[in-house]
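After this come two complexes, each holding chain A, first together with chain B and then together with chain C.
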Partner chain A sequence: MNNMMSLVLRTTGYFLLPLLLIFSVFLLLRGHDEPGGGFIAGLVAAAAVCLHLFFTDIAATRRLLHIDPRDLLGWGLTLATLSGIPAVFMGDPFFTSQWVEMTLPILGETKVGTPLLFDIGVYAVVVGSVLAIVLSLAEAEE
Partner chain B sequence: MGHTSVLLALPIIIPLLSGALSLIYWRSRKAQRIIGVLGTTALLVLSGMLVAEVWQHGIIVMHMGGWQAPFGIVLVSDMLAASMVFMTGISAVTTAFYALGSVSKRHEHFGFYPLMHLLLAGVNGAFLTGDMFNLYVWFEVMLVASFALLILGGERAQMEGAIKYVALNLVSSAILLSAIGLLYGLTGTLNMADLGYKIGQLEDDAMISVVAMLFLVAFGIKAAAFPLFFWLPASYHTPRVAVSALFAGLLTKVGVYALFRVFTVIFPFEDTFAQSLLVWIAALTMVTGVLGAAAQFEFRRILSFHIVSQIGYMLMGLALYSPLAIAGGIYFIAHNIVAKSGLFLISGLVYRFKGSYELKELGGVYRQYPILALMFLICAFSLAGLPPLSGFFAKFLVIRAGVEAHAWWLVATALAVGFMTLYSMVKIWAEVFWKEQEVCHIKPPRKYRGGTRIMYATVIGLALLTIAMGLAMEPLFLIAQMAAEQLLNPAGYIEAVLGETGLGAREGATP
Partner chain C sequence: MLLAVLSGFLFACIAPVIHGARPLAKSYYGAGWVLAALPAVLFLWFASHLRAVGLDGEVILDSWTWIPSLGISLSFRLDGLSLLFALLISGIGFFIIAYAGRYLEGHKDQARLYVLLLCFMASMLGLVLSDNLISLFVFWELTSITSYLLVGFSHEDKSSRLSARQGLFVTMGGGLALLAGFVMLGMAGGSYELSELLSQRELLHDHAFYAPMLILIVIGAFSKSAQFPFHFWLPNAMAAPTPVSAYLHSATMVKAGVYLLARLNPGLGGTELWTMILGLVGAFTMFIGVFLAVRSTGIKKVLAYSTVMALGTLTMLIGIGTPTAITAAMAFLLAHSLYKGALFLVAGIIGHSTGSKDFMHTGGFRSAMPVTALFAGVAALSLGGIIPLFGFVAKELMLEAVLDAPLFSAVLSTLAVASAILGVTVAAIVGIRPWYGRLAETKVTPHEAPPAMLAGPVVLASLSLLLGLSAPLVQQWLLGSAITAVYGAPVEKTLSLWHGFNLPLLISAVSLVAGLLLFAVWQGFRRATRFTDVLAKIGPEQWYERAMVAITHVSAWQTRMLQTGYLRYYLMVVLSSMVALVLSQMWTYRDSINLLIDFSDLRFYEVVVAAVLASSVLMAAITSSRLSAVAALGAIGFTVALLYLLFSAPDLSITQVLVETLTVILLVLVLFRLPGFVKLSPTHLRLRDAGLAVIVGATMTLLLLSVNGTQYFDSISEYFIAESAPSAYGRNIVNVILVDFRTLDTLGEIFVLALAATGVLAMIRFRAEDKDL
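And then the complex of A and B:
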């Protein structure tokens, strides 16, 4: 299979992969008040990994991931569910957003809150489920 | 105050969290089993607390994320929802324990436990939500999980059953979604309480009945009511027994619950066309279900057809639309969850010992396993409605309500169907338990590796529960009555959700 690989695809792929991943993180972080969010960011990240799968093989892609997609799925779902719980300790109903404002060295005034945790959870769930499907389909084909 | 509203979300959060955790531990069978048992037990305990809370303080409302109704999504628990969540807890615990003994390594590897938790989250979400679109979403969560559970293992018969199951359920979801769309166009809201208030003020009667009929059809399919119940007997006998029992206990009941909710709070249907139609549907569901069962000679298929006929009794309670009838219908749902799950689990044990579900291949169970036979008798007689078991009181309440409403032919149908149910149960008894087994050419599927004791324990637990529900009729009836009163007085529900719009915020201020 490897000898069919286009040199162009492989070269651009190695450039595109980090760009796409950074873009997905960008989408994830700007998500709450502007277009973006965990779901779409997760799809972009999953697409980036799929691209890697196109120009390498399954073993290489699994090495790239370091973690089984099914684990990502579980952790993401747990994180997303747990993000609703801090509200209870603040005396609010479930899933009420809790925000903390802080000043970070480079970013300046930053708002961090439970919706971000929820978005990260969704991100992991989307990446995990898409890749679990794609990888098992690819494995079934071989 | 603060903690009551938490109590309202936990029956959804706990299964979700247990499902997520068992996904994390997908490599470890043992961890998944522990999470399964702990998660469902916690669910049962908390749902018991929820019932107690509603019993003391009336309807509880929680505005998710602090967004006030009718704009945000609310969780609402009146007595009906709380007791349904409690019955879900019972069903969940028995399934989790029974699964310890019965679900094979292969099925566990395919994700039995995460799917079970997801299904429970969907069921509880549907019971507790106070928003029509959210109800649809929970139905879908439930459907997705149940579809995966149904084909777990991937046998040929399962695929065949699953296609019918998914096709009809998707049709019903599409109808449900169109009904919700029309309703939103009509009123501009999807909050159930707000809908109840606004529908009362609308003048467009024709449009309202169209939407009401769409809901009747959509939930009717999901509840396996006549005439669109075929998906149920086609699919329920195919999956693992633990899955069958969970489905038999819960899935159709969610459809019935939705009918109870929609036709009391949103479209109070006293003296409408929908009501007279539902009377017919109830009667025909009872009759076709029980006749279908009479024609079957496979253990689980007989039981599946009986689910359909029992749904008829619950709908009869709703159709008669008096406080007694609705209380009877609610009690019937609770009784049915226990007795029916018990019977399915017994069929699984028989299969484990004898290797078949076909009546003519089975026999002699009474001689070899007398305790199992006794448990079957208890559950079967309860289903058929013999005193002092829970089924007797369930039928008694519904039929008594029929007598009070002078619905004589409906009463006659219900009584006749009761006798036919007894006939079916006696048929199973005679074939499976009493007669001598003919020369045994079928073998149990494999030498079972322990776990039988825990399966026995869950079956005995359910049988004792159905006795207890009969003996403790009085307090249970009071609970059902309270649920019925709340349903027939939607103003109370509407006020609880909308009346004091500051409720959620005030609760938040004093944790």
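And then the complex of A and C:
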């Protein structure tokens, strides 16, 4: 795929990649109140990595990821499942959401809860499954 | 108590880290001792309840809600019976994990063994502590799964894979019967809580479900505890590493079935049916187990079959159900766990220090391994039921119970006496054969085992002796409350080492002499009984093999019939079944359906979007170029996203746009690999497909119109809108529904997503491999 690389794609890609990734985290975090959430954010992140795949090659994309997307699947499922457990210790049924509200220096009034952990799990599963398929398709291509 | 159960799973998560830690990996003792700390702590924690639960007979209950709407909770119960089991599980677990640290030293998968052992321990504790039938069942299945993984530990070896699968099929098949039995029990008793069920003895006995649920539960218990005709899986499970066999397949897991029967005895026991099934099957299993033990020569095979005998004895005693029998059962349970755990560990030491795995290749090891030999001897004495060991106490009680049994006493006594004789022979094989006589030639020069491996046999065998000497104390502190829990009322039977000169003692003496005589002519006996091998050819293991072959045939047949491999047929089946179901329902309720057709608030842009949508659909259907088909599908997708946006569903819209984008990426990757776009179907088939498509579309339109015009229930959206911010801390209702109100649905969906991704990966890889060939 290397010889087909376009300079425009490559240049814009390097600018877009971090922006898209930050945007995906932004979507993930704000998902509980505004449009967004783990599923959408995961798709954005996966699309960003696909972009990287198009202007570099598979080896570089795998290096960028640091982690095999198949492992992301497992971690995502584990995290999502574990997020149900704190409720059990609080005497609530499994998966009852638990929230902690606090005031942080810069962010101000902030709330953190188990649904966020669950959403991060969803995020990881979505990124993992899309990238696992795309990367292995790209590998089969070569 | 929840923490006690969960700590095993939590510890299992960090076990690989501990195992890999550099200072531990290099040290002499390895990670085994560190990981063994958890069972040790649990043992002490359970032991701290000995006074309250064991001596004073209290019952500690502890409950967490799980699925309250279905009556399922994580409720735990610590009474005499669960305390006895919990102490055995954690106490023996300590030695097993420490032992495994040395036994498999340097093995590449040692971390996996630790993880599985800890998971198993936690599941087993959950099983014996559960007070809720459903959570008990969940832990029950978890023990089957961990057992499967542990038996198949050497997964490169085909025979151990087969043994693992056999154990899994037998116990899981029994598990299904058990679940059905539990559901019937819950329906009959009106609760899934054991504490409520067990007090309703009369209600359960007279219920119409009594016989079927008893049979189903008994099938589950028998398959787990290797009762005839399920006994064959246990000796095969010896493919597991020796510490695993010692732990799962003798001391704990296989006793789960016995535990369940004991647990349910106050509620279900005491009927003629109960005594008949449990008593006769148990007695027969006892005899067949010990007979096959004497017929075998593999060290672990002999021990495994003698475990089958012990499990049969326990089942039989619970079936008899008299106070003496229940007392005998609990005493026998404790005695067996101690001596059999010790003997299995000794078997592992023999294998580890000499390389012999068969009694034919052992002999004269006494001088090289004096400590092992001594404590193996003590444990074997307990196995043979010889005074003053605890096994003697248990055996005397067993004989007394069988002689006084209200039903089938003659049959049970005959089998029990025969088994007692052969039991002594087994004890002699284990206790004498490897240690005395001419030194056998071995692959490894015999040497004494390291302390971590000796600790288990030494402590367990010594306990057999100590508990035998202090039998009344054991009853007072531990067994008494367990017996009460099983019998359902306090029992006036005292345990003691010396019962005076009576019939059981005479039988013991006779069986000791006869057993030793039999040992002297062991090889002759094995030759003389060779004719029984014919029976194995028509025995239950063959039924299992036949059933497996039959399952494969049925599966191949139905795959040929149903799985044509053509996407269009799958789609046609799915779509036409959907249409048929929807239309038949709508026809049933045709009187109450209003079709809401109202174009009064139609906007201009809505018409435009609809027109774009319709023309894209047409384009996708009639185009003859793949690229334009893809483009048309993309246009449909983005127009739908626009529709979502117009009707204020931004989340759906974003998702749709992103999915469309990723679809394009995927298509880019595969487009060039696809074969040319040619029309393969003749015109009449295309007409048929078009007809089906129109019908499906019309049905969906009809359905949506009628959904809008008909309201059977109040919409649940009002509740979500009202509750989203105050109780779920979120203003984006779509997301709140996904991650809070309906978390379990989402969890299911991401599991499906992950499975689908795995499936696609597998397909891509197979394609790639095909090309390589």
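As a convention for this text, the second predicted complex is superposed on the first by the 142 of 142 C-alpha atoms of A that agree within 3 Å, B and C clash if a C-alpha of one lies under 4 Å from a C-alpha of the other, contacts with A are read in each partner's own complex, and residues count from 1 in each chain.
We take it that a residue touches a chain if its C-beta (ideal position, glycine included) is under 8 Å from a C-beta of that chain, and two chains touch if they have at least 3 such contacts.
Keep in mind that this is a model prediction, so the values were computed, not measured.
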First (chain B), second (chain C), both or neither touched by A:130: second
Partner chain(s) touched by A:6 [first = chain B, second = chain C, both, neither]: neither
Touching partner for A:92 - first (chain B), second (chain C), both, neither: both
More chain A residues in contact [chain B versus chain C]: C
First (chain B), second (chain C), both or neither touched by A:77: both
Contact residues of chain A, present in both the chain B and the chain C interface: 70, 73-74, 77, 81, 84, 88, 91-95, 97
Chain C residues touching chain A - in the complex, by the definition given at the top: 2, 64-68, 74, 650-651, 654-655, 658-659, 661-662, 665-666, 669-670, 673, 728-732, 734-736, 738-740, 743-744, 746-747, 750-751, 753-754, 756-758, 760-761, 764-765, 767-768
Sites on chain A touched by chain C in the complex: 31-40, 43-44, 46-47, 50, 70, 73-74, 76-77, 80-81, 84, 88-89, 91-95, 97, 99, 111, 113, 115, 118-119, 121-122, 125-126, 128-130, 132-134, 136-141
Chain B-touching residues of chain A, taken from the complex the two chains share: 70-71, 73-75, 77-78, 81-82, 84-85, 87-88, 90-97
Residue ranges of chain B in contact with chain A within the complex: 2, 5-6, 9, 13, 16-17, 19-26, 62-66, 504, 507-511
